[in-house]
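Below is a structure I'd like to ask you about.
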Amino acid sequence: MRRTGVFICWCGSNIAATVDIDLAVAAAKKMPGVVFADQNKYTCSEIGQEMIREAIRTHRLERVVVAACSPRMHENTFRKTVAAAGLNPYFLEIANIREQCSWVHKDKETATDKAIALIRTAVAKAARNEALFASELPIERRALVIGGGIAGIQAALDIAENGFVVDLVEKEPSIGGRMAQLDKTFPTLDCSACILTPKMVEVAQSEKITIFSYAEVEKVEGYVGNFTVTVRSRARSVDMGKCTGCGDCMLKCPVKVDSEFDLGLIKRRAIYTPFPQAVPNKPAIDRENCRWFTAGKCRVCEKVCPAGAIDYSQEDELRTEKYGAIVVATGFDPKKLDNYGEYAYGKHPDVLTSLEFERLLNASGPTGGKILRPSNGRPPKNVAFIQCVGSRDKAKGNPYCAKVCCMYTAKHAILLCEKVPGARPFVFYIDVRTPGKDYEEFYNRAYEEFGATYIKGNVSKVFPDGEKLLVRSVDALSGALVELEVDMVVLANSVDARAGAKELAQKLSITTNAYNFFNEAHPKLRPVETHTAGIFLAGTCQGPKDIPETVAQASAAAVKVAALLGKDSLLSNPTVAEVNEKLCTGDMSCLAVCPYGAISEKMLEERRGRETVRRKVAEVNMALCQGCGACTVACRPGAINLKGFTNEQIMAEVEAICL
Amino acid sequence: MPVTREGFEPLIVAFCCNWCSYAGADLAGTSRQTYPSNVRVIRVPCSGRVNPGFIIRAFQRGADGVLVAGCHPGDCHYHSGNYHARRRFTILKQMLDYLGIEPERFQVRWISGSEGAKFSAVMNELTENVRKLGPNRKLRDAR
Amino acid sequence: MSTANGKIRSSAAEALAEGRVTLVLGWRKKDFWWQSPVAFVESAAEAEQLTFDPFSVYNPVKYLLEAAGCHEKVGVFVKGCDSRGINRLLQDKRLEREQVLIFGLPCSGMVDPVKIRAAFPAPKICEVARDGEELLVRLSDGQERVQTADFLLEKCLTCRHPNPVVYDRLLWERVPVRSGVDALRFARVSSVAQQQIQERYAYWTRQFSRCIRCFACRNTCPACNCRSCIFDQAEPRWLGKASDMSDTLNYQITRAFHVAGRCFECGECERICPAGIPLQELNRRLIMDIDKYFGPYEAGLAPGDLPPLGTYRGEDPAGFDES
Amino acid sequence: MKVTADKVNSSLVKEVEEISGQKVSACFQCGKCTGGCPVVSSMDIFPHLVLRFAQLGLLEELLHSKTLWICASCQTCDSRCPRDVDIPKVIEALRLLLLRRKGGNRLHPANLSDRVRADAPQQGLVSAFRKYAK
């Protein structure tokens, strides 16, 4: 039996009014192993803590039970107290006789009985407590940012600003992301490129940041402070060292394909940069379309390149690096409209998505910034903007609100009026949502100043009618049916998670919600962390949001990264799983239920008689294990145990609590 | 059973996960949502940590009702512990029922850290139901 | 001599003679007509002892745990049910596929000696042999022919996989699955489940009251393949030593739970139980619940799968009040 | 027309939901149903307003509306509704409410002779109740 001391707290009258403390102390003195029991008005006070330290010394206590408020309140306080007196902090147990006893029961007799039972339970557990030690883990002072949109750019810049080295991985040949595709930004109508490109250049010029464009994360291993990540850089077929970015190759390349950046509204070449301000401003050859790679002839780019930078023999490059922290900033995809035949998208050239319309507005876009109907190249007069296409639609789209459409549509309406004199925007909405600084005012301007007509009514169908488009709806407010002839329809299609988000989540062992947006660790209090320590989120990969929110989250993630990388070492949580190799069968049932990939197979060599035999057993990576204990139940022989909540401890608690 | 149930006070053992249900129990305390003192809580990190063996042992040693309380599905602090618990205890509960042991004595509930009122309501309900069932004699050992 | 015996003997002898295996697990006839226990054959000569008759019900798979440790490669004859035991061991990583040479024996069912004895109470039974669709019962005073189907074990009447699901060689033609198997499979479980709760309790405690905790059910079960069983551990003591109903229930509940989603219905637990406790009924109840709540699943078919209690789906229903 | 707490809490709304199996409260009046309805021009209460009226318990107005009898149950609205509300089912439920209400059950099971009750086919009985209930 361990020499146990019990300290029962009055908590003023909080406990003492409902629990007979004298009786409890007397009962505690009779519990197995208890050599000292006493009471205190406020055990958490300095006097109370000193009483504990003093008793540990004079009574040579080996275990300490404090019967007081919830362990969620003061467990750490009292762990420090016992540690100060030379005991292992995990020799402390708390009996929660306030929140779970005196505060919820009225009858003093039964409450006292229960308090005694809880103390008895804590004493029984404490007797089986073992010394636990947090181990120190080194930290790799380098961060990885996945995704080179505004979120990734901001996060990378802020981490670098804090003095840490950052690798920025971008799937496309250039960083910039969705924001680079936008024309102006609400509610200030700043030009998107004007505020984004300086940041892109800053990233390129930063000594701390390395851009890996045209690259993707292949494999992630390890844990907080010690991730090992393999990045695949796709063969660009252009020697980045030699290329000067003159662009001659792009002018001469004979192959034209739909530009992804301009959503197919114009063509790009097979050797290309996505857009003129690309960073790095060096092209890549799209091998799927390049004539040399598809037909085995051409090599025009090689001939015209003055720097001799074209290299058709390049291969994908795999690079493995260690990182202390990872920021995921992979952005979103605009919703595909396959389910929405009623809007005639794809059936009539003048039905556009918002992002396509955005490209029409943009000075470097396909029309040089003029709003022209794709069908006839003439400016439209009446334009219908349809909101919530695939959003707030649990039947065949996303049940959630895409958050940005109300505001960018107000912007589109304003820009339409500015660019096309006499044009008239009609906005079909379900609700207009404009929470945000200066947002409501901006929306107000769209109809007050610019004369946009807002109609509360989801468009039921768009009928192509010769040159025109007929839009059928109802104005739900007046009850009037709406039949509108327009020249252009703009669909505010919903925000989807990136295709491939699920796969990336699996690589990173982070979770996603039902719509493949990455889950934050807590929706309110840990909005940029994930459940996997050391991995943080920024931007729309976590859920729809606008640019200011994205940037704020990116900076927040960067601070979290900097705080992590700034530490000398990490202290691991000592209440982790532990394998008793003697009992372990090696069937790895534990591995199957471990959410952290903390369990692996290990080959054990042991002597059996004169022979050495090898057998498989489970092994726990203490840095990865978070201490949930799911493995302990999956393990039929009870070979894997959870320190701090061992089978022995919980069984002892059960036995004691039922007495 | 012909036992007089007058004055029978059941013992309820509740395994509460540290992150949701134990916090819910604490919240019941801070907001003074009373429930019978028959309920005694054992803190575990996660509902996925609760071994069916603990539950049987509680019944053996005289618990008249056992509750496992965890985070709501989707809210597990450890991603998936409560999902595993849900499978395990679905099986266990059906088995107890099949063996003729009143399934009402064994309950699994999802109680979040913000559901202090729910915690106390569940405890009231459980105590009342078990009180009606009378003492657990079927799994209890001889001691 | 039946061609079946000829085939298994020559297959075993050949594999042993060629040195492809150093041990073969099969069955041989023991002292009584109703006994064909597992045989361990280490030479081609010994292979002549092997027999496959209506009483080769014993599942040899559990012996592979030991055998595979001492021999580089072991030959094993398996019926449909036994073969699922191989997958059980593979899934549990207790065996590597290369360690065994599997001879698959499509099986049209094993005979229940109890039923034979009931049909022939008076005269001494000397031998029961299969003859086509019929059984030839040699008695001390003559012989009789009966329909095999009337004398099959309950587990064989409800068998969904009479043909081995994993093997290196199949020794003869596949046999058809018996018709009406699905309806019968859970018949016993359902009839108990329909009783009132007190009747169920009375039924099961009556059954379990005979349990002497000999652990034979555990020892024979290929799914109970832990190196060290929690029932044998002292700290914490998961199972008390007292022979009372409380600890018997504790044992039986825990045993059933440990094979939940892993039991492949070979029925060895029930066959071997000296007290005749219908353990397979409890196992089947768990299979029924797993099918109902987590989707149809049969253990021992795909060793690469995670068993139902090793995985989950977010949208799983709960078998309790989730409110 | 007036919205009152009594009307909003009316058990009839629950009845409509029960009969139709649809959640009336799910509708947020986007009007997509009305916009696409091929017979809307003959309706006095538009489809999206049928749902709104039901949400507010304005059932008397609905039960007296032409809309119930104009709706052709073509399901155009249902196929586009982002809230997954089967509006024709709701309208059918309103019709049923009206049908069931008219005159009460003239034929009550209790009034049937034992012989009829024992021998008459189930389906025949049910359709008889319906017929006479109108």
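When the chains are written out, they are named A, B, C and D in that same order, and each has its own residue count from 1.
Keep this in mind: a residue touches a chain if its C-beta (ideal position, glycine included) is under 8 Å from a C-beta of that chain, and two chains touch if they have at least 3 such contacts.
In this text, all values refer to a predicted model and were calculated from it rather than measured experimentally.
> Any chance you could check whether A-C or A-D wins on number of contacting C-beta pairs?
Higher contact count goes to A-D.
> From the C-alpha centre of chain A to that of chain C, how far is it in Å?
From the centre of chain A to the centre of chain C is 49 Å.
> Where the CA atoms of chain B average out and where those of chain D average out, how many Å apart are those spots?
For chain B versus chain D, the centre distance works out to 44 Å.
> Can you compute the centre-to-centre distance for chain C and chain D, using the mean CA position of each chain? Integer Å is fine.
58
> Would you mind listing the residues of chain A that make contact with two or more other chains?
Residues 593, 634, 647, 651 of chain A each touch two or more of the other chains.
> Name the residues of chain B that each touch 2 or more other chains.
52-53, 57, 80, 84, 88
> Which residues belonging to chain D are in contact with no fewer than two other chains?
In chain D, nothing touches at least two other chains.
> Who touches whom among the chains?
A-B, A-C, A-D, B-C
> Quick check on the complex: what are the chain D residues that touch chain A?
That would be residues 28-37, 40-41, 46, 48-49, 76, 80-84 of chain D.
> Going by the contact rule at the top, pick out the chain A residues touching chain C in the complex.
By the definition above, chain A touches chain C via 514, 582-589, 592-593, 613, 616, 634, 636-639, 647-648, 651-652.
> Taking the touch rule as given, give the residues of chain A at its contact with chain D in the complex, in rising order.
Against chain D, chain A makes touches at 342, 388, 392-397, 430-431, 456-461, 472-476, 479, 481-482.
> Which bits of chain C are touching chain A when the two form their complex?
Residue positions touching the partner: 69, 92-94, 225-230, 233, 235-238, 258, 306, 309-311, 314.
> Can you tell me which positions in chain A touch chain B when the two form their complex?
Touching chain B: residues 70-73, 96, 98-101, 103-107, 110-111, 113-114, 117-118, 121, 511, 531, 575, 593, 595, 626-630, 632-634, 642, 645, 647, 650-651, 653-655, 657-659 of chain A.
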